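You will see chain A twice below: alongside chain B first, and alongside chain C after that.
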Partner chain A sequence: MQFQRKFVNWSLVRKILSMVIFILFWTILVQFIDYFHQIPTPKAVFLAIFELPVPVVLKNIGISFFRVLGGFFVGVLIGFPVGVAIGYSRILNHLIFPSFEMARPIPPIAWIPLTVLFFINFESQAIFLTFYGAFFPIVYNTMGGISEVDICLPRAAMSFGVGKKLMLWKVILPAAMPQVFTGMKLAMGVAWILVVAAEMMSNKGGMGYYVWYNHAVMDYPHVVLAMGIIGLCGAICSVGIGVVGNYFTRWQRLV
Partner chain B sequence: MVAANQNSEVVFKNVAKGAYSKKTHTVILKDCSLNVEAGKLTVLIGPSGCGKTTVINLIAGYERPDHGEVLMDGQPVSGPNWERLVVFQEAALFPWLTCYENVMFGPVARKAISREEAHRQTMMLLNRVGLSDFRDKYPMQLSGGMQRRAELARALINKPRVMLMDEPFRGLDAMTRKLMQEYYLGLFEETGCTNLFVTSELEEAIILADKLLVMTNKPSKVKKAIDVDLPRPRDWGMAASERYLEIKAEALELLHAEAIKASAASDKAEIDLAVGFEKLKTARG
Partner chain C sequence: MANAEQEALELVFKQPTFASRVFSQKTILNTISVVSVFVAWTLLVHFQVYRFSLLPSPVEVLEWGREWVTTKIFWIDAGMTTARVLVGVTAAYVIGIPLGLMIGWKKVFSDLTFPMLEILRPIPAPAYLPIAILLLPWQEASVAFIPFIDALFPVLLNTIIGVKLIDRDYFRAAQCLGSSPRQIFWHVVLPGALPSISSGCAIGMGIGWMGAVVGEMITGKWGLGYRIWESYILIRYPLIIDGMIAIGILGFASSMLIRYLTIRLIPWRRAITESLDESITK
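What follows is the complex of A and B.
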């Protein structure tokens, strides 16, 4: 039997239509509603691309990436073992978890003033903040992934002769991997939020600073463009984690 | 062949087991004595929620009795061990390992045999359960029936002395279930390993069993042990035989009585059994 070939890819058409509607909506808003007349038009933003000071922007992107990835990796390095510990051991959970629960409702951005006391140099302040933002999603998801492993799996392994020491390595961690990577994706998002906020409050470069600078000189097309670039950077990081995650949890995605 | 090296018997002596939490205290098993004979296929049947899985967990060593003794060949069961392996209700294959790696898991984890020997036996067992072509697939890529077969192979490679089947075919569609039952019968009749099979399906119970243990409601004990003296090898054709129907009627009567007792709790599964009993009575005149 031969499948009927479709000449028009309607799902793609609809997706493109969605973007067209978005840009149309934006244009109408700015052109015809007086209240929004200071907001740059899509055309102005598009034209700003050609005036983009590429080396400056690239440098700022690099700076932001360094801060985000620095904080993120420290977050993984510390958050993952902590999440494993409090997910696996009830005693450690009771000792550590309550104080985390106290700190967690405080939005990480509220830490910005205090970081100045902890760290003299801005670089370490920024990395501390991205670390702090990444830390909780990683800890909580790792813990959740571990405590939600189906009891049948360690039980079966116990019967096969896997001892307590190897159980974590052979059974618990592989089973928890999907949720660990979910945590990392969330953590990366929070790290970008924090790096932008921190950079806006200082003059030490980075994409947050670049947005703020253009705001200060009232170059709004470039503000919007820079926002788009930040979004793109975040998306690239998210895809990167997805690729690594897919490798570690490939058994889950093959159907 | 895939024969077990030695068969063992399991005995429960006046076992009591409860489930405790801060607020509730439920007695699951009370004064429960039973006997899983060596080299026989014993089937445990009873109303849903009557503690059949608790019996399995006690034998596997995942739980300890509050009172009484669980003995294997006269020795108290002291913890999980490859000699007593469970095939779980939901497939409990390790989803991050391929079919082949899953079957290899036990011997490799215990370093019981060399890797070459483990490989040889794994390939043989995969062949035996018809999964040779699927050795490199992950469990999520297999159908429900294939998963159960892989799990059977994963248990059998360890040459357990007792196989504990905890409603292993639940959730399979009717055709696959029937095939798996025939498949399992074939394996059992070939290995002759001691088996305890837990189910809530009476027809499945009778066609598989050498001995049928009918459980009471909670707090449970064995209400009656019925010898199923149908000839082996078994097949579904025997479901029409006079003896099969006699056994079925007897067991249904016992289960029906339990269902009436439990009707206050109006558990659906038990009502289904009661309805089935009425149907059978009318069918036989």
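What follows is the complex of A and C.
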């Protein structure tokens, strides 16, 4: 079985085929079923690429990226230490965790009116929102990662006479890292949702505003294109976190 | 010696008394935690620190909330939002679970459908709103599209992971005993994936609430999400917080309900071992 060389990678062929089917399906749906006639065809979306106002779009992408990354990094800077503290110390856990649990069921989106009330300019509102959305996934996953560290690892380290500080830095934190980065990926997804929603509700620029603006002027090919661009931005951020995460969890490849 | 033995025995077999349970370190610290949030909130508002002067105090929130609950508008709003979430999330279950089972089970099917879904996945749900408005001419219905999109991917991915995590030996055993593909599907794939599907459904329900609130805030004339935005515009600030609390309670209750219902389906495995968040991003 192993020696049979496959000349055609059928899996890859099928994957490419699925894209073709998807585009065909989309075209047929729009062209032949009356109900969907308002949705732009793939061709219209493709042609819209050439009419894209590149400087405007780039500026909006930059604005959205600034808001997402700003809130995300504040979320990591505050959320990670808090998660470590809650995961590592039982007293701090009992002291902090219940108040977080109270806030958790409220979707971060519902905080928009309060943030608008509290922060004066839109940038700080958007950054607070993305921070808030990113904060909980990071805290919960850091905490979970630390509490799920295999108990044998700290025991082994202890039997080698490792102190508390070294234990945290060299044993607990590296072992918790995979889940911390899972949390960060989730946080990034939430941050993008929040930014798009917040930008749609105001007229302060960003890709969410760009989508909503094109919806208002009924330019639907550009709406679909802008959706694709937002998706691409989100995917790039997610891949970026994956690359950084691979560096921090490089011990996994040695095991 | 005997004394020490007795002490050790007492230590091991000592039942925690009622008082020791109530006044344990954990409950005391938890109470401090919750109380301190409200105390800090009251003090910040009372002494008008920075822009906290604009926020309502907990007492105001309570008073407004008590009045709000008795009005008809509250029940219509709550009902609207709940209905949207339920419609959207149920549609996500109906489409996501069978699709996920097939993608996880059949490689060919996975190759043909999964790349397309992977392209759609990173697009945040609010961005679908213009398309939803186009597709569903009634604006109040188009909001239900957002919870659907939001809930679809966690449900789908958890189902796929659930199928992939089934021990291969079960498939081999079933095949050895001459099961047909249909029997394998009903007796191996579906029950094997149920724990993971259950957690996916609960996550989907939670995220669905977020989607409904977004949709209502951006476009909508009814619903809790719209109401909190309107309260901001009409300067009824305490209602914003009341609305947030109502959303939180309803969202939490519906997630708990899903968890309770699905756990009854999997009596053989009460603990859902899969880390929920891990399975979303993989």
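In this text, the second predicted complex is superposed on the first by the 247 of 255 C-alpha atoms of A that agree within 3 Å, B and C clash if a C-alpha of one lies under 4 Å from a C-alpha of the other, contacts with A are read in each partner's own complex, and residues count from 1 in each chain.
Please note the rule applied: a contact is a pair of C-beta atoms (placed from the backbone, for glycine too) under 8 Å apart; a residue touches a chain by one contact, two chains touch by 3 or more.
As the structure is a prediction and not an experimental result, all values here were calculated from the model.
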Task: Using the touch definition from the top, say if A:44 reaches chain B (first), chain C (second), both or neither.
output: neither
- line: Between chain B and chain C, the one with more contact residues on chain A is chain C
Task: Report for A:175: first if it touches chain B alone, second if chain C alone, otherwise both or neither.
output: first
Query: Between chain B (first) and chain C (second), which does A:223 come into contact with in this model arrangement: first, second, both, or neither?
result: second
Message: Just checking: does A:152 make contact with chain B only, chain C only, both, or neither of them? Give me first, second, both or neither.
response: first
- request: Using the superposition on chain A described above, determine whether A:251 touches chain B (first), chain C (second), both, or neither.
  value: first
- request: State whether A:74 touches chain B only (first), chain C only (second), both chains, or neither.
  value: neither
- prompt: Is A:166 touching the first partner chain B, the second partner chain C, both, or neither of them?
  reply: first
- line: The chain C residues in contact with chain A across the complex are 25-26, 29-30, 32-34, 36-37, 51-52, 54-55, 107-108, 111-116, 119-131, 133-135, 206, 209-210, 213-214, 217-218, 225, 228-229, 231-232, 237, 240-241, 243-245, 247-249, 251-252, 255, 275, 277-278, 280-281
Message: Quick check: in the complex, which residue numbers of chain A touch chain B?
response: 150, 152-153, 155-162, 166, 170-171, 174-175, 177, 249-252, 254-255
Statement: So, in the complex, the side of chain A touching chain C is made of residues 11, 14-15, 17-19, 21-22, 36, 38-39, 91, 94-99, 102, 105-114, 116-120, 137, 140-141, 144, 148, 179, 182-183, 185-186, 189, 192-193, 196-197, 200-201, 208, 211-212, 214-215, 220, 223-224, 226-228, 230-232, 234-235, 238
Field: Of all residues in chain B, those that touch chain A in their complex
entry: 60-62, 79-82, 84-86, 88, 90, 92, 94-97, 105-106, 109-110, 112, 138-141, 158
